[in-house]
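Just below sit the structures, each encoded as structure tokens.
Presented sequentially are two complexes of chain A, the first with chain B as partner and the second with chain C.
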Partner chain A sequence: MGRGMGRFLLKRAINYLILTFIASTGVYFLASYCLEPAMNLLSRHPRPPMSSVYSVLASQNLDPRVPVVERYWTWLTQILFHGNFGTMIDGGSVNAEMGRRIFVSTELLLLSTLIGSITGVMLGAWNALRQYRPSDRISTIVSYAIIAMPVPVIGITLRTIDNWMGSPIQYTGLDDPNAHGVVAVVLSNMQHLILPTLTLWLVQVTLFSRYQRSTMLDVLNADFLRTARAKGLPFRKAIVKHGLRTAVIPVMPLLVYNIVLLFVGATFTEKLFGWHGMGEWTVDTITTNDINSVAAIGVFTSVLVLIAGLLSDLVYAALDPRVRV
Partner chain B sequence: MTTEAVAGALAADEPTKSRGRGQLILRRFVRNRLALVGIAILVLLLLGAYVLPSILKWQYTDNDWNYLGTSPGQGGHLLGTNHSGQDMLAVTLRGLQKSLVIGLIGGPLTTFIAAVVGAAAGYFGGWIDRALMWGLELLLVIPGFLLLATISPKLAHVSWLIFVLLLAALGWMITARVVRSMTLTLKDREYVLAAKYMGVGSMKIIFRHILPNMASLLIVDAAVQIGLIVLGETSLSYFGFGIQAPDISLGTLIADGEPDAITSPWMFFVPAGFLVLIGLCSAFIGDGLRDAFDPSASGAKAKVKLPADGESDSQQVEIVSNTVRAEEGLAS
Partner chain C sequence: MTSNNTPVLEVRDLRVTFPSESGAVRAVRGIDFSLRSGETLAIVGESGSGKSVTATSVLGLLPTSAQVTGSVLLEGRELLGLSDTEMSKIRGKDIGMVFQDPLSALTPVYSIGTQLMEALQIHQNLSKQAARARALELLELVGIPDPKRRIDAFPHEFSGGMRQRAVIAMAIANDPKVIIADEPTTALDVTIQAQVLEVLKTAQEVTGAAILMITHDLGVVAGMADNVTVMYAGRPVEAGTAEGVFYEPHMPYTIGLLSAVPRLDKTERKALTPLEGNPPSMVKLPKGCPFAARCPIAVDICREQEPRLVDVAAVPGLQSACHRAAEIGNGDLAREGMFPTPELSEWEGESDRASRPEVLRVENLIKHFPLTKGAVFKRRVGTVKAVDGLTFDIREGETFALVGESGCGKTTTLLEILDLPRKQEGSVVVLGKETKTLTGKDRRGIRRDLQVVFQDPMASLDARMPVGDVLAEPLRAHGWSKEKIQARVPELLSLVGLLPEHAERFPTEFSGGQRQRIGIARALALDPKLIVLDEPVSALDVSIQAGVINLLDELKVKLGLSYLFVAHDLSVIRHIADRVAVMYLGRIVESGDAEAVFESPSHPYTQALLSAVPLPDPRKERERQRILLTGDLPSPADVPSGCRFRTRCPKFVGLTEGEAERCRTEDPASTAMAADHSAACHYAAALEVV
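Let's look at the complex of A and B:
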């Protein structure tokens, strides 16, 4: 990668930064306009007086009497100069909550994305090599069925199967609250990972293998592979060294985007299996009219997109010899 | 249609009689058995959703107080009832109506937005291209689910049609990119330049010469988007951000049935099953169409293992040769 590549990446990074800023700003204004945190307080019994409702909201920078632009400015300067995302609707710190939830999401997603990407690429390549054989046809139909299922249907089906089999696998929450001692907690934690990981794995492996299969099919008919074979390279070696490497390149950006965006996209899995991660937070903050948290998620997501965009540019540059300037 | 004209013009040069492109595509599509099954099931679902309710004994508004939450088959309820005694079949058909309508409006609409934006960006170039592509990237950065979920409280009492518009407005970006790059290769073709120098307006050129030449991509995309829109609607409705109470969709039914999925599986798995069917049909049809439109796809070639007799064999050879001709017509 020469200097041209560095300049290209820098240009992309600046572009992404501007987009991130606009997207976060957009989410803040949208949340301020659409959500009404005053309703949380007004729906209490006995109903609190308006003056105290306003004073509570004002302390959280949510006072509807202050113009949105002014609230936005306070919010923005707090983030830029103090790294402070404000307070949640219940008074807790958004920063602390976000840190905890990112950790939970990471634990949940790390394993499933790793296994999902690797097995997806392998299954797709294998199916391409055996195109129209029974194994390819069956996995085509099965993956169409899985792609046609929304995540809640997959998760609930797995849960139901587990229950019918007499609940051999526990799944609610991170671990069993009755577990005592480090070993027991860790073991229980691993057991609780099984079903959500399986759900996420199913979604990813089908998606990735479909893409990998089609790019692999394109490569299998390519001239350079025939050349490699003609030169006397064994079939397996030609496929792996020349075929798979070329076929994986177009799939890489998809892999990167999917993995990075899962941090906020695993909403259903986290909700279904009681993992209090970022995805679950997305839904909870909106239903509780928590403007500051929604805005923080907006920032977090657009930063993730930024990272994913840059990462996929980088991976592309590293894998594709043509990109090197 | 320009494509047909091109294919026809080319065919006219050949001594043998040739079929039109449309007929050809239809033949290839029909050969794909999964795609045919997809169409058949989708038509059946559509008919079932609109015709069956008038024949059925129970309406979705009726409550059978003698059979609250009973399993399938009891008390004349083919698929059981839910906790308020509504017949699951009637309720699911009602939800199916809404989900299908959302998909059938939203899918093509998404493709239409993608086609117009992508073609305009590619055809006009310059600052229009830059502005449109920049807006596209912005929409990709903004988290769609967060956006829709945040707006939903404001839309709770407005028509569900706005909801379909929003789903379409957030799903067109990837296709638009593909359309743009295809437009870039099409806009310097002779027939486009000829039209341009004859003084045909830009929008007319886009709709008459550019978009018809990527009809295959657009039709396939519309078929696939139907499934995606239905899935998107379900996901939002599942959390209560989508279709609201008096209306029923498969998404709201799945959300209602979820707590009872283990004890009363029919409440959850009946609507879930229909949902998977829609998604499967959409995928199969899209796949079949792609093979039918793209002669280079291996599935499109007449690859019947056991031809019934010599006649069908020769017929297939003929189709293959037509295929090549039509493709040349497009590529030149």
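Let's look at the complex of A and C:
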């Protein structure tokens, strides 16, 4: 660790920044070529005259008569010098909308990813210890069934079960619009978290536990585990301290990337449960030809990849002395 | 030696059975032994004989599916049937364990110090500082240089020998009464093996512990053990004092094992005595003596009744399990020649070396690898000098051996030659053709004449290909017709001592020795002139190894082959090689006629290497003075100035300042010691070390 590590991370960060720039530029051009914001205005009744359509688009830096490179330059300088991602197709600020949605997604995902990672690792390790016993076989079957199931199916199934039981858990939106007072809103908000969290948790726990199970199985027969027990560590302690500690290392990058990228990938869950987060926005902005918002999401996603990469490097180096330079 | 009469460890009628899909595997079928303080007992046997299972069951570390019966008493206390929690209080405290592979025996994510302190703190109520202080003492004791600096190093920063020292430190951390060492030096080089065995002896002196040593190496046994138990098919077949077992064995298996070992101290050049056949399956043991099928003196009763281990009257303390032990004892059945030794065919070609054609000439071969740093922009920060100026030649009908410790560049040399390099410094000439200038068709032709046999007979054969296809593949690649291939495959199989019908089977159906024979047959398929053998017998058991070595010797004469033989086992090389080159850090330090190099080694490294090889002879072994090398092989990225061996040279230490200066500044050139014997040392002088 120490200085070598710092330099290593700095170098990585620079690499990732270059990647981020290339990726967001790509998204901007792609969105500008594929999306037709003019259609939104032209489909109105009564149909507005072309001149006013162009002037509206020009005010949003979307005028198709201006060369795309020039629009790109405006977009880029606005971001770099003013931190301004422009306006949405309906005239609202992209910055404000994105801020709000990031907050919503964070609230939705924080809990499920934390629980998902911890329980996934634990379940995987436990399954490995009980390889081929009934509990392991059942876990395997259930895991594959869930992995094979599309997320909407899981979400709708949970909703259906809830409805069938007489809706003990409310799930639409962030909270009950009828709730008043801080305590009531918070409680309602927590209740509304249950089903989407459960959906996301199921998806993650099954995936993570599969990976953890296989890395744990590799470690279980390792010589160093036998050494640890020969030193006098009881079975359970040796497994946790020497076995699991080594077996989580290869799972870490997967865990980190999955968690971080879920911020824009929880589209179905957000849609199904009416949470207006980043995942939902990704789909909505594309269908509404909202170039500026799509480009902003592109930037956000590539920054997430950057963060995930750095984080996974950090976690890896913290856990495994062999990669420290 | 502090020996009182009550044993610390007593094992009675220990039996271990594992369930398996094909039936119960009776891995250990009743073994008794006792160990007293300060005493060393070696359990010897080949793979699958049950020796490691015996050791592991004493510690209670067998998988839970194993059924263990009998009795294991530690100072009178029964260990079998104790819970894991109770056993954990004994493991590491009363019984320390050293495992075979030091590279994987330490947890990679914790520092050496952390793991050693953990071993201390599990059993003793020590503060962190006290544990660290004790850990430093232990590391000092096992000979880790500069322990204060190395204690915080991680396992991957230690060499194999250093790691094994750390594991020994852990095993003796709590002053155990018994140390179990399971093949503690098998994975190490001979010079490091000698160091580690010394450390084990020191550890035993300091702790007064009894050592239970599991090994297949009869040389190591001869040097370490007071008592020896020989195991075969899950049972002890001979047990007694080391001298009794080595000099007056009464069981044919022991006799066969001892005669199958190639010995460094046997100068006479003759075939090894192979123990034909394979150990029986532990699932379906045949009736009678399990060794009967391989025993040359088996009689009817041997196939009916399994002999029990009984006292041999003539030799005090010796017990043997053989129906004919009495006849062996009184000389009616001679030990010498009990197992038939095949005749070694004589080379019938030109005996004068100079007039035989050259098959391979390597001149000033250099292979340097750049050492780079940086993930995106790579820059060169150094050079790994894996092979650094190698010159040698091989003549027709000759076995040329390259010897050296791991990391000395022998494998790189082989790979370079097999690569038929185009651009490089120096030159490689195969059968008179310079590889640099070869193109397309000629290169293909050379590939046909130059074949290779690998170390691991399992990994080098495709498990999904029947043996017939394995052998046909090189033939097809060189455009042989179907009919010719069909005729060639059975021919090849019988050439290496297998049956033509074996072509239908898959590699997994063969034993290790048979698989290596298949590997040899594949190399022979295209009638090559030169075969490169990379550690061809090091993965095989002693009894099997002898047969493969004999086969190689026989094929050489029969087919007029030449071998480039790479191995680390000097006894094997002494047996098979006509000429030898000893490598150190990418250079040949001594080379010449095998006889000359082994009889009068002149480079201090060769002398140390030879003196480190243990002999399977307890009396000789105890009298020998070892030249112990200090430390590990330096990194080939950081080769010492002047003579590259000087940092470990035992001779360098005794030189005057003026003489030593020469070693520091001047790289010694190879100088002739005799007609076909040269050494690269400023102060080369012959010394008898075996």
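Throughout what follows, the second predicted complex is superposed on the first by the 324 of 325 C-alpha atoms of A that agree within 3 Å, B and C clash if a C-alpha of one lies under 4 Å from a C-alpha of the other, contacts with A are read in each partner's own complex, and residues count from 1 in each chain.
The working rule: a residue touches a chain if its C-beta (ideal position, glycine included) is under 8 Å from a C-beta of that chain, and two chains touch if they have at least 3 such contacts.
These numbers were taken from a predicted model, which means no experiment stands behind them.
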{"item": "Touched partner set for A:V66, first chain B, second chain C, both or neither", "value": "neither"}
{"item": "Of chain C and chain B, partner touching more chain A residues", "value": "B"}
{"item": "Chain B versus chain C as contact partner of A:L310, first or second or both or neither", "value": "neither"}
{"item": "Partner chain(s) touched by A:V283 [first = chain B, second = chain C, both, neither]", "value": "first"}
{"item": "Touching partner for A:G298 - first (chain B), second (chain C), both, neither", "value": "first"}
{"item": "Chain B versus chain C as contact partner of A:L9, first or second or both or neither", "value": "neither"}
{"item": "Chain B versus chain C as contact partner of A:L220, first or second or both or neither", "value": "neither"}
{"item": "First (chain B), second (chain C), both or neither touched by A:A230", "value": "second"}
{"item": "Residues on chain A lying within both footprints (that of chain B and that of chain C)", "value": "15"}
{"item": "Chain A residues within the chain B interface of the complex", "value": "15-16, 19-20, 22-23, 26-27, 30-31, 33-36, 131-132, 141, 144-145, 147-153, 156-157, 159-160, 163-164, 217, 264-265, 267-268, 271, 282-283, 286-287, 294, 297-298, 301-302, 305-306"}
{"item": "Residues of chain A that touch chain C when the two form their complex", "value": "11-12, 15, 222-235, 242, 245-246, 249, 319-322"}
{"item": "Chain B residues within the chain A interface of the complex", "value": "34, 137-138, 140-143, 145-147, 149-154, 227, 231, 234-235, 238-241, 254, 258, 261-262, 265, 268-269, 272, 275-280, 282-284, 298, 303"}
{"item": "Touching residues (chain side chain C, partner chain A) in the complex", "value": "59, 61, 84-85, 88-93, 96-97, 99, 101, 104-111, 115, 118-119, 122-123, 154, 156, 167, 170-171, 375-376"}
